[in-house]
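Once you've had a glance at the structure underneath, I'll fire off some questions.
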Amino acid sequence: MGEVLLRLSTKEYLRFSQAHGFNADYGGSELNVISTLTNFGMESAFVTRLPDNDIGDCALAQIHQHKISTDHIVRGGDRMGIYFLEKGASLRGSKVVYDRAFSSFCTIGKGMVDWKAVFKDAGWFHWSGITAGVSQGAADLCMEAIEEANQMGLTISTDFNYRANLWNYGKSPSEIMEKMVAMCDVVLAGDYASKQYFGIEPSGNTEQTRQVSLCQELIRKFPKVKKVAVTNRGTINALHNTWSAVLYSGKQLYNSKPYDITYIVDRIGAGDSFMGALIYGLCHFDEQRALDFAVAASCLKHTIYGDTNLVSKEEVLSLMAGNNSGHVKR
Amino acid sequence: MGEVLLRLSTKEYLRFSQAHGFNADYGGSELNVISTLTNFGMESAFVTRLPDNDIGDCALAQIHQHKISTDHIVRGGDRMGIYFLEKGASLRGSKVVYDRAFSSFCTIGKGMVDWKAVFKDAGWFHWSGITAGVSQGAADLCMEAIEEANQMGLTISTDFNYRANLWNYGKSPSEIMEKMVAMCDVVLAGDYASKQYFGIEPSGNTEQTRQVSLCQELIRKFPKVKKVAVTNRGTINALHNTWSAVLYSGKQLYNSKPYDITYIVDRIGAGDSFMGALIYGLCHFDEQRALDFAVAASCLKHTIYGDTNLVSKEEVLSLMAGNNSGHVKR
Amino acid sequence: MGEVLLRLSTKEYLRFSQAHGFNADYGGSELNVISTLTNFGMESAFVTRLPDNDIGDCALAQIHQHKISTDHIVRGGDRMGIYFLEKGASLRGSKVVYDRAFSSFCTIGKGMVDWKAVFKDAGWFHWSGITAGVSQGAADLCMEAIEEANQMGLTISTDFNYRANLWNYGKSPSEIMEKMVAMCDVVLAGDYASKQYFGIEPSGNTEQTRQVSLCQELIRKFPKVKKVAVTNRGTINALHNTWSAVLYSGKQLYNSKPYDITYIVDRIGAGDSFMGALIYGLCHFDEQRALDFAVAASCLKHTIYGDTNLVSKEEVLSLMAGNNSGHVKR
Amino acid sequence: MGEVLLRLSTKEYLRFSQAHGFNADYGGSELNVISTLTNFGMESAFVTRLPDNDIGDCALAQIHQHKISTDHIVRGGDRMGIYFLEKGASLRGSKVVYDRAFSSFCTIGKGMVDWKAVFKDAGWFHWSGITAGVSQGAADLCMEAIEEANQMGLTISTDFNYRANLWNYGKSPSEIMEKMVAMCDVVLAGDYASKQYFGIEPSGNTEQTRQVSLCQELIRKFPKVKKVAVTNRGTINALHNTWSAVLYSGKQLYNSKPYDITYIVDRIGAGDSFMGALIYGLCHFDEQRALDFAVAASCLKHTIYGDTNLVSKEEVLSLMAGNNSGHVKR
Amino acid sequence: MGEVLLRLSTKEYLRFSQAHGFNADYGGSELNVISTLTNFGMESAFVTRLPDNDIGDCALAQIHQHKISTDHIVRGGDRMGIYFLEKGASLRGSKVVYDRAFSSFCTIGKGMVDWKAVFKDAGWFHWSGITAGVSQGAADLCMEAIEEANQMGLTISTDFNYRANLWNYGKSPSEIMEKMVAMCDVVLAGDYASKQYFGIEPSGNTEQTRQVSLCQELIRKFPKVKKVAVTNRGTINALHNTWSAVLYSGKQLYNSKPYDITYIVDRIGAGDSFMGALIYGLCHFDEQRALDFAVAASCLKHTIYGDTNLVSKEEVLSLMAGNNSGHVKR
Amino acid sequence: MGEVLLRLSTKEYLRFSQAHGFNADYGGSELNVISTLTNFGMESAFVTRLPDNDIGDCALAQIHQHKISTDHIVRGGDRMGIYFLEKGASLRGSKVVYDRAFSSFCTIGKGMVDWKAVFKDAGWFHWSGITAGVSQGAADLCMEAIEEANQMGLTISTDFNYRANLWNYGKSPSEIMEKMVAMCDVVLAGDYASKQYFGIEPSGNTEQTRQVSLCQELIRKFPKVKKVAVTNRGTINALHNTWSAVLYSGKQLYNSKPYDITYIVDRIGAGDSFMGALIYGLCHFDEQRALDFAVAASCLKHTIYGDTNLVSKEEVLSLMAGNNSGHVKR
């Protein structure tokens, strides 16, 4: 469940002021998670609200194309949320301008979705802090979903996904997030988000001790949470990053291999693809392998244009096996 | 004065559902009028409100490029209004999807513009029914401007520009428009708009008698109005139209030559280019010539991509002189 | 059921020898028929065979995007059939170069499809003369399908679709087509195809008497056939055609309104969109209205890029109601 | 022999002021003539002068691609001549901005070409009034070539091709052209050019009597000239023209069928393709057929992007046979 | 003051021989300097000469769009200077082909500009060695400007900008440059240019001692010069450079932080953006900060397509503050 | 001699599933070798078989454009072989999907080419393992050519070029290749290919000793072979490789300088450009220089889009001389 945004990105490395046109794609954190899942072959359904116009139809077709069930998508409201994207290079970072206020998803609310129907035959429910942050209505509906999912015995996962430009509907993040995270099983956390949401500040002198500390604090605070993952991005320049992650099961900390990623094609949605692949991994592999799968999958995301991680399971497994990308696959 | 919209149009004849990108341009009825004026060499200033972000900056640069003064443009509000455009062909008409609600211009209001400064040294003020229709705040500000312009002795013109999808802020068009039009000197009217705004239904059996009737009704109703123009589009198909206009001075009806326009490149903004060229014409020519100039200029607009009529005065005069477009100008 | 082809078309009006790239789309007569149906809201499933590689995956995703069930699509064989398309203009006609030999669909054969499963809950089966003409295996499988559909009580329709460059696997068209058409209910016929397939030459001095004659001959020859439709394209130039059709019910000849179509965006698939809309029409309207619906829908196809008729039912009904395309829909 | 120009054209119907890029092609009247000839299968060699830089190399490769011999092309001088092209539509004509001054061809001169080697084994030499008009050096070299060709017994043809923006090197056209045309066998003349060059004004009340009169005047003035052709373009709008021609053999006037050409893709080079096809026709057919071939070929040129007439002999013959372009050639 | 060139660049990494089109932009060393200044919010006016045709109009509009005053631009002459650009990658360097001979700016001369009017209310005048090198007329006019600026008390800056393919109008660089530089206050010098212009060869064993030596030599030779800057580019490959600079005030040598720039989007105009940002810096900051600002600004230029450095002051200050580009600015 | 393939590549870094169009180019291992040769100024002729349709014509024109003689190219067969290419980035490798079965070249056979005529005046014949692997007919024709070339005293070279997806016509590679390689003079070998073809496994602990071992084994096995070259690609990621080669003359091992290549524009055809440049080098330089020339030339190929190495001899020599690509060549 989450918002779909129309992504309008300038071509190549053009700045907004140089653009005479935009590429048009559809994305959004939770959609990126679910499209990763269907891409690896899992069945899934997406819940969102789209305006009842041609632009909403385009988004719907895009979701449908990823073989995600669109049966529970609600139509209505004023407009599709938009984000404008300018891709950086070298010493100039990428830039996002949001135009998501007053969107159809923002004005969603309690009772608009039949969660019992949505969760029938489902095993996992995923949401993110973005939904909690866009509006009271969205937060309410999300809470409704979490409660229903909890009651129906689904595994619940969340990505903290703190966005500074949201959370302006009059509630503090902690007020909202605390109850929601408390019912979750799997959490993708982050330093900054954890501080913003819950005032958690990890202790320790090394990256690793700080990560363990963060995970422990979260598991202490939220007893239902069984697994906490944290990704770790090192930023050498706009097109050259390092990427790794840890997964903490309450008992053990799993570390992934670190990857050096240059030259990056598109890093938007990398965290989401990690989340999606982690869910897939936790459903199919042991914890170490689930983490490795998620890190390798999200590494590959950096090489794919758009929000969606269009890689196959075979490609992820091949990268995990250390296969070098330098040869042309014929 | 008026709203600037980001125009996102599909390439060539693609439908929205086929589009993987949009051309991005900036337009809007009143901006199209003023860019026509500056294009013909008149000095002018535009009043609008743009969001204080990169997209607002792009719009500002675009206005600046047309050599329109941007000194009185206000920054602020949430977002740039957008319209999505799909160009039709043959038996399929063009389609516009508006996403202009909650725009920076919508949330403009009284007192935000120093009209005395704007109108200093100015001779003409133009506004349109779109501004009156978007929101109470815009209508209030527009009324403020009209009153000030009236007091300072400017010629005031308006284009009725009725848009069915506006006027949803709780006032009826007549309530708002009547006071505004009453202070105008030059009016670009239309059958349908006149009916919607004032309940005027022209009588007569022929197109011409109906047009005279409409003009007379308007002049009777609004004694300050000195000139009424009405354009007349015949629609053979989406890319083949006929185009002419009349101008009524209270005493005399001037008829333009009718033009056959095929194949149309872009008809958005044709009416606006007529309005702009009429203002130019009334400032420089006699009434018949002003009308002929306006019709020829707006004819040429149909051959120009985008909202703006990028033709020179010489090109308009050459078309008026009957010069055939079939020869390559070398 | 039918073959999907990768369509590689040059941009704008470039000749093959000028092309440095191709637009890539997926089409094929029967796919165009079925995508018309799903576009109007009918549920349907497509049967074809696609190679088990990335290009086959692309075709599959494309079919899926049109909300057509892909459950019965078979994977295997050597390659995707391709056609190269160069769009004509004025006095130069469009040109197609086929590269469809040895395709996965060509090497399909009897027993590869579980027709009982395909036809479960289905009411209509459509095939075309192209399938019969590509290879013995495709013809055999098509015959198998027709027999099964017949037995299970489905309505069966066919489009004659004679292609001179097919039928080179050693059988004469009449040998193959006669048994197949004999089991059909609805037929989209054509002068030239009827002559090639069955040696039928309509008599009569006027277009209309010739059309009636053709329909009568076909219904006489194939007693199960209940309805015969014939489209009528007048070709003024490559971008300017006239378009109409007749439908003969055995008792009565229905005539459609003739349309003048200029300027054509893409006429490939117009006949297929007629067939699809006719099936839709016969399922929902009376015969005259079904014919009118099919002609209006296929008229609009000429304004849509690609093989697929991306128009809504509302747009077709609006054209039938005589609504002029010259106005911008806002 | 003639100048090659780099053609920089805006995309689609964009005005110069809207262009952020140009299509780049290479053309020029005489190159267009010769590429028509090689396209129909005749062997030929082109004489020009290109700058010795990358842009000159590009032009050379382009000429080579048309299978024209480049053995006699001279390298040197300062720059490639350029023309900027903006394509018109409907009531707005196309526009050309020349930037050809100081080009490598302009600064060509006597003695730079070994005409004896060029004309060895050759049967026909073609030049145009453009070469005579660009500079004294080009005119001198052209005269040198004409004299040599004359001496070696080649058939000599010329296209009058008057360009008002040339002829500014201090000589009057008549001074230069008279001696040159006097040695020609075949002439493509025009009303306006004939008046500018030789003060000839055809008499007569009808188009036809005027054309006969023009031809007769020319043949009277230049006794060596055996054939005069005149093309006749009717200009309905920028994309809709009529097209026909006459050929006068001194004894008989041959008339072509008139063609209606809409919608025009690119009319630049149509006259040149007429000239090329006329040369081809006079070498292979009788006079009526030569004229018909030339008119049909140049008709088709209007449907081809760029300066070059990329149509096959078969396509021209098919149009001459009245074959309708409305059918897709499969 | 300086020449504006039409820049025609191939797309992506295509070689000239692969290009079927060019991107079209307008640049030139001095225009790049001034657009940097206006971009940072300073008011400025540009002096140049443009042809009086559509291409000249395009250049004018482009300059206007950067909010640079175009009031003192002169129209006339034959043509716009052009440069063709092919972007290199890895081990293949970028390549420029000039076509700037005979341009409108080349044929400019003394008395064509009213310098008193230009310099009224101005505080700074910038010119470069390119202007001195294109023609006697340009050098004369530049000298005229320098003398007037000197008399009116403006700060005068120059960029040595030695171009080997200029200086072919019969004067040696030293003959011309010596008098001009003698009146300057701020100089952007370079090793190679200093040697070509004045025979100066810096001594020293390290890069730094050599730079100090060069600065000292220049200040010794030109007593009016108060500040000398030298940029230092290390070239690892075509898309990977290092970048730093020094500023010498006569008393003290300021060093900038060195930057590692990979992957470069467009390095054309980087030196010009350094010059512009240095002028801005010297007007607003102390010397160390001015240098740091100039180096950071020109670093960012390498990430921007085109000649113009479209970065904001905030972005430059953020880079100076060490902010990492790896994060997406939302 | 070899097959020409139509290369359909996705734009930028798009995956096949994201592509709505393809760039279209023509390449193939042996064509890439020969275009390298003509690019450096050697005369050459290509032997292949192309379908007799528009796509075959396009390929022919492309070959002609490289100034390669097309006199001995045979027309006929069913279709042009195609390969689809998706360019990788960072940790995702490039991907090729072949669609070359049933091509015109596949169905070539003995006696279709007049080798005596082809080899008249020729000094060198090149073929590759791809031709041997596509079909029995191609292998037979290739053997025929090798025998004739041998008899006529040409130097014969081969590139092993093992492709796992070929060799499926019922013969083992060793059965075919052994006789063919036995008649060769110059061999471009590879570890993997040597093992697949002849079961050769080089011994040694270092890269260098293994390379010497491989070369020695080959020369021992094939006494006519005088020179063996092996290229060595190190794959850091998809866009960052190292590149070097060795050449063994039977007596001496020549090593090239190693190059670090980042960021790679297009590595397809790099090996072919090495082969071509090696042939050129062996014809013009001593062995060390020939090797250095071949390595530098193929290094530059990595910076060129497409299959063909469009670099000049001067550019290769400049890289060999250590000239840095970081400066813009003006």
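First chain written, first letter: the chains are A, B, C, D, E and F, and each begins at residue 1.
Basically, contacts are C-beta pairs under 8 Å (C-beta built on N, C-alpha and C of every residue); 3 or more make two chains touch, one makes a residue touch a chain.
Since this is a predicted model, take the numbers as computed values, not measurements.
Copies chain A and chain F of the same chain sequence form an interface built mainly from non-equivalent positions, shared numbers / all numbers used being under half.
Checking D-F, A-F or C-F against A-B, more than half of the residue-numbered contact pairs recur only at C-F. A separation of 45 Å divides the Cα centre of chain B from that of chain D. The centroid of the Cα atoms in chain C and the matching centroid in chain E are 63 Å apart.
Multi-chain contact residues of chain D (touching two or more other chains): 17, 20, 61, 95, 263. Arrangement of the chains shown, judged by which pairs touch: an irregular graph that fits none of the line, ring, star or complete shapes. Residues of chain E that touch chain B in their complex: 61, 64-65, 67. Those residues of chain B whose C-beta lies close enough to touch chain A in the complex are 8, 16-17, 19-25, 53-55, 57-58, 61, 78-80, 82, 84, 86, 95, 97, 99, 101-102. Interface of chain D with chain C (complex): residues 259, 261-265, 299-300, 302-306, 310-311, 315, 319, 324-330. On the chain A side of its complex with chain E, the touching residues are 12-15, 17-18, 88-96, 98, 163-165, 233-241, 263, 267-268.
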